[in-house]
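One chain, chain A, links the two complexes that follow: it is found with chain B in the first and with chain C in the second.
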Partner chain A sequence: MSSRIEFRTNSALLHPIKIIATNSASVIFTGLNSSRFLYIVDIYNYIPETDATRLYLRTSTDGVSFDSGASDYVYISEGLGTSTSTTKRTATASFIELNTFTAGTSSNEAFDFTIKLFDPSDANLKNILGITTGRSSSAEHIASWLGGARKATSAVTAIQFLSSSGNINGEFVLRGYLS
Partner chain B sequence: MSASIFPINTFIKGNPFKWKEGTVSSAASLIIKDIPLDASLVKFVFTDNRGTDNGRIMQMRVSSNNGASFDASSGNYSYAIRFLWESTFADGNDFSSGATQTLPSTGTSGTGANQKYTNIINFISPGNNKFTKYAASAFGLTSGGVHIFTYGGGIRKTASQVNAVQVFYNVGSISSLTYKVYLVRI
Partner chain C sequence: MPSIFGINIAGSVVLDDRTVSNVAAIEFTKFTSFYSKYIWLLQDIIPATDFRNAAIRTTADGSSFDNGASDYSDCQRSVRDDNSVTLQQAATRNFIRLNTNGIGGVSAGFGDEGYSGYIVFYKPNDARYTNVFFEVIYRNSFNQSVFSIGSGTRLSTTSVVGAQFFIDSGNVSGRLTMLGFE
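Up next is the complex of A and B:
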């Protein structure tokens, strides 16, 4: 089952909103609109249900269905670990892969993310930037950097986080920088 | 249950406050002046960013006299920017220890469809009388039609405050740019 919450931008308040995912199929934030120029999602202590998996991001223009076409997304990431380094890149993806290194389920294996989504309502491609730190499924301490985009100009109104396999755990906080 | 609530864009210590905003169209540069010297973080967020000329790079300079002049001497700036392509091209680093300007990104702007950038540039405590440091990241579609992701930072190598920033393209003008500047004060 997915965890879903609406970002209430018409309330004249500037609250961040939080979802605590506990073995959730996905986390969904709806209600994104032109009232915010920059949305930031901080994800604390992300732990997948399934070992050696990756956290994906997808976008939606209606808050109901999330774009998952084979070439909907592009992403580029680079990660540095205490013993290895790696890059991930593709311009033909059905998701944006947020962690360059795989997330694990063993003790102390968890990731923190900061994901930034630029103006979701403008007429440009929907670019994102991100940073990840933590301990990978190989018990390696890592940091990684990410850029990507939903390759369409339609207004994005919702975003979804889900795992490449299994459910997800963690604290997802969405905040918006005022337009 | 209680919650801390406050009206939109009210200044609260430690929270980002939208300080300036605007759009640029066919202008030689964007100049942001009057940067408060008590800001602990000044965050520039750009969207819809491209130059008038194909294949050009955005550059940046800073000022200590509120934009009356911008530092442009050899050796004023050091920077290190990492760039990664979506495919086919070689990744690399662009760096200098003695430049007349610095870089928020290394990607070339294009005039084709969607060949634009989004940028975040964070200046940390620009009011300090220390070397001024910034961190920057960007993502966009280059003039070659390939996406690029860049991240890095730089230093203005003069121990004085910065109260104005100028961005421009190395050739030509800014064709379009939407910007917001957020401040965090502690």
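Up next is the complex of A and C:
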């Protein structure tokens, strides 16, 4: 089952909203609109239910169905661990992959993320930037950073976080920055 | 509401703001569970001596800063203005290193040195490994600009209540501002 919350622009403007995911199928924030020029999501202590998996981001224009077409997204990411490094470039994808290194389920393996979504209500592509830090499924400390986009000009009103396989755990915090 | 670089930082508070001159370290010991994320803004940091490294260590008691040889891991990628790329990768270290090339210090005498950027601490009060992420720009000891991005972790599940910023040898001057995010 997904964890869902609506971002209400007429209340708590200066305070974030939080979702604690406990074995949730996905985390969904709805109610994004043009009153904010920037949304930032911090994800703390992200641990997947299934080992060696990746966290995905998808967007929605109606808050109900999330875009999952094979060419809906693009992303570029680069990551560095204490002994490895990796780069990903994908011109067409059905999601934006947020962690270049896979997340794990063993002791002390967890990721923290910061994801920035730029002006989701404008008439341009919906760009995001993200960073990740933590201990990967290979028990290696890692850092990664990415840029990506939803390749459509329609206003995005909701975002969804889900795993490449299985459920997710963690604290998801959304902030909206006043236009 | 705090405003940094013209952007309103929603849900955040400036917890401390210090400008120091020629000190051994800058220490903040105000990490609590009230804030989820802390950001340290580093501005115009200059080591007293040339070719030095910037670093942080954490503390669990607010007074002694962990400095064991296997207390931290870190990794970072740097790009210099001559297009050279440097990786720093350490599975174990006695601090989290915040640069690759040696930072130009006062003793280098270039006159335009300075190290600026930010460090993010993710829920340091939690009983888990404390992760940090950083981005910095600085002049190195050869008077070249260097951009570095990377992260580090305290390899312990003990709650962290503070951290110190220091230069691996010699004193430091500059400004450090700490923001707390709910």
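FYI, the second predicted complex is superposed on the first by the 178 of 179 C-alpha atoms of A that agree within 3 Å, B and C clash if a C-alpha of one lies under 4 Å from a C-alpha of the other, contacts with A are read in each partner's own complex, and residues count from 1 in each chain.
Keep this in mind: a residue touches a chain if its C-beta (ideal position, glycine included) is under 8 Å from a C-beta of that chain, and two chains touch if they have at least 3 such contacts.
All values derive from a computational prediction rather than experimental measurement.
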Classify the contacts of A:124 with the two partner chains as first (chain B alone), second (chain C alone), both, or neither.
-> first
Check the residue A:116 against both partner chains and state whether it touches chain B (first), chain C (second), both, or neither.
-> first
Just chain B (first), just chain C (second), both, or neither: which does A:78 touch?
-> both
Quick one: classify A:56 as touching chain B (first), chain C (second), both or neither.
-> neither
Answer with first, second, both or neither: which of chain B and chain C does A:173 touch in the superposed model?
-> second
After superposition on the shared chain, which partner residues are touched by A:161: those of chain B (first), chain C (second), both, or neither?
-> neither
In the superposed arrangement, which partner chain does A:39 touch: chain B (first), chain C (second), both, or neither?
-> neither
Tell me which partner A:146 touches in the superposition: chain B (first), chain C (second), both or neither.
-> first
Scan A:66 for contacts with chain B and chain C and give back first, second, both or neither.
-> neither
Residues on chain A lying within both footprints (that of chain B and that of chain C) | 13-15, 38, 78, 145, 177-178
Given the complex, residues on chain A that touch chain B span 12-15, 37-38, 74, 76-78, 87, 89-91, 116, 118-119, 122-125, 127-129, 145-149, 153, 177-179
Hey, which residues of chain C end up touching chain A in the complex?
-> 1, 7-8, 10-11, 36-37, 73-77, 87, 89-91, 120, 122-123, 126, 128-129, 131-133, 149-153, 157, 181-182
Counting only contacts in the complex, chain B reaches chain A at residues 3, 5-9, 15-16, 18, 21, 45, 47-48, 82, 84-87, 91, 114, 116, 118, 120, 137-141, 146-151, 178, 180, 182
Of all residues in chain A, those that touch chain C in their complex | 13-16, 38, 42, 44-45, 78, 80-83, 85, 108, 110, 112, 114, 131, 133-135, 140-143, 145, 171, 173, 175-178
